[in-house]
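Listed below are the structures to be examined.
Below are two complexes that have chain A in common, paired first with chain B and then with chain C.
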Partner chain A sequence: MATHTLDITKEHCPMTFVKTKLKLAQIAEGDILEVLLTEGEPLNNVPKSAKEQGYNVLSVEHVDGNIHKVTIKK
Partner chain B sequence: MEDTPKKKLSLIAFSGEFDKLTAVFTLATGAAAVGYEVNIFFTFWGLDAIKQKRGRSFVGGSFLTKIFGFMMGGLKATPTSRFNFWGIGPRIFRSLMRKNNVATLEELVEAATALGVNLYACEMAMHVLGLKQSDFIHEVKDTLGVASFLEISEGGRTMFI
Partner chain C sequence: MFDFTEEELNRYSRHILLKDVGVEGQEKIKNAKVLVVGAGGLGSPVILYLAAAGIGTIGIIDGDVVDISNLQRQVIHTTADINRYKAESAKEKAEKINPHVKVVIYKDFLRAENALDIIKDYDFVVDGTDNFPVKFLINDACVMAGKPFSHGGILRFDGQTFTHKPGCACYRCIFNAPPPKDLVPTCSQAGVLGAIAGMLGTIQAAEVLKYFTGAGELLTDKLLTFNAKTMDFRKINVHRRDTCPICGSNPTITELIDYEQAACDLTNR
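After this line comes the complex of A and B, so read on.
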């Protein structure tokens, strides 16, 4: 079980979702993906859409400023 | 959890302008990334977006359609619907997008195919413009008519751009 990190803090819609989705497709079943994202659209919707697509959102933590870390298990 | 049918978005890409095609591919990739099934039906000017030759080339069956093919061009030759300034506009927008870290049209098309967005070409418009499926990128799944498009888009949302 590996842990992967994806930083989408510099990305804008729709690439925030696109990069998360493609990364989740790439990693193995049971792996963890930590996504660094900003407040607003990414924070509101990345965890939500991951859940909707059947992934397990383990936590959403505040990192610094407007940056948050979402931990997703595939 | 109750079994809900997969959400679906179908887009009719009629326009061949850089900005409108950016809207098509932004919606398509965004929707596909959040779990929608996405279909894009390219017709008329929209077919420029899926041509294999991304610049200008004489694709077409007859003399006239070859000239049309050259004038219409591919993805890289698309004009903007406003501020085109004889072709300088799209370059300015591309550089602005890159500078602001917003995905360019080419990156969005790449993302759409990576996400498995279904691309279809309109049979009638292809016939008029003398285009064959082999003139398009190989990700184009099929050549369709209205009846098949309606069947594919049934039960989802449809937009015309």
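After this line comes the complex of A and C, so read on.
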């Protein structure tokens, strides 16, 4: 069970969730994806959209400044 | 797997965001090969939306040239395209919308003699034709080759469509044989409200995308009809018929037939 990281701090809606979905499609079932994103739209929408589409969002943690880490299990 | 470029991710983002499509569905769309028979009223929206959606290979067969009377509904062609082959005009528009799409054209009509050879290279066939002989030919060729297809027909203010997959109702399960020639008017005799070509063609394009992505339920074993005057839509249950002359248990049709064209169809060519 591998852990992958994805940095979408430079992305804007809707590419934030598009990139998250791409990465989730590329990793194996049961793997963990840690997504680094910024406050505002990405933090509001990415975890919510992931849950709505049936992914298991394990945690949302503050990292530094306006950067947060969303941990998703495929 | 899933090696989309940044440009493709952006282009297809509204598909990828959909739970029922995603990158997995978009990849299936990218690998799909669809033949569109007729680049006219129905073929125009079908080709435009399939190209925009990123269908990997689109085949377009039409031996006709653009006539000024086509432009009221055949929205893929422009006034500057008059007298050009519809297949060439449609290919140019499809490639302009999406340069990732491979467009293969046949400046010919689908006939008993070429049908099986052409459709064998495709995963799905869209009927965008305006006459019964070719509608039956598409049905028979697809049933024989085991290919799914979308039937579509429009006249005056009415439209009808259904989707065939092997094992489900085919055109002959619903309509046994073509009506006698001259009994049923064609678009060129009866007229057609231009916008209903878009209404029906976009339903057919949606069925193609649903087929490849597996999203939702197809119009298999269901004949959808609408009337644009009342805007009533009806879905009629239909079934595979055991006595069907092509897909039944004892098929009587074992080779493709070119039914006689109505006279007006011939003079239009």
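In this text, the second predicted complex is superposed on the first by the 74 of 74 C-alpha atoms of A that agree within 3 Å, B and C clash if a C-alpha of one lies under 4 Å from a C-alpha of the other, contacts with A are read in each partner's own complex, and residues count from 1 in each chain.
Quick note on the criterion: a contact is a pair of C-beta atoms (placed from the backbone, for glycine too) under 8 Å apart; a residue touches a chain by one contact, two chains touch by 3 or more.
None of these values were measured; they are calculated from a predicted model.
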**Message:** Is A:F17 touching anything from chain B or chain C once the two structures are fitted on A? First, second, both or neither.
**Reply:** both
**Message:** Once chain A of both complexes is superposed, is A:Q26 in touch with chain B (first), chain C (second), both, or neither?
**Reply:** second
**Asked** Given the touch rule stated above, what does A:Q53 touch, chain B (first), chain C (second), both, or neither?
**Response** both
**Prompt:** Can you pull the chain A residues that chain B and chain C both touch?
**Reply:** 14-15, 17-18, 21-22, 49, 52-53
**Request:** Using the touch definition up top, name the residues of chain B that touch chain A in the complex.
**Result:** 26-27, 29-30, 32-35, 100-103, 107-108, 111, 114-115
**Request:** Would you mind writing out the residues of chain A in touch with chain B in their complex?
**Result:** 10-15, 17-18, 20-22, 45, 49, 52-53
**Prompt:** Mind pulling up the chain C residues that touch chain A in the complex?
**Reply:** 1-2, 4, 9-10, 13-14, 16-17, 19, 22-24
**Message:** Please output the residues of chain A touching chain C within their complex, sorted ascending.
**Reply:** 14-15, 17-19, 21-22, 25-26, 49, 52-54
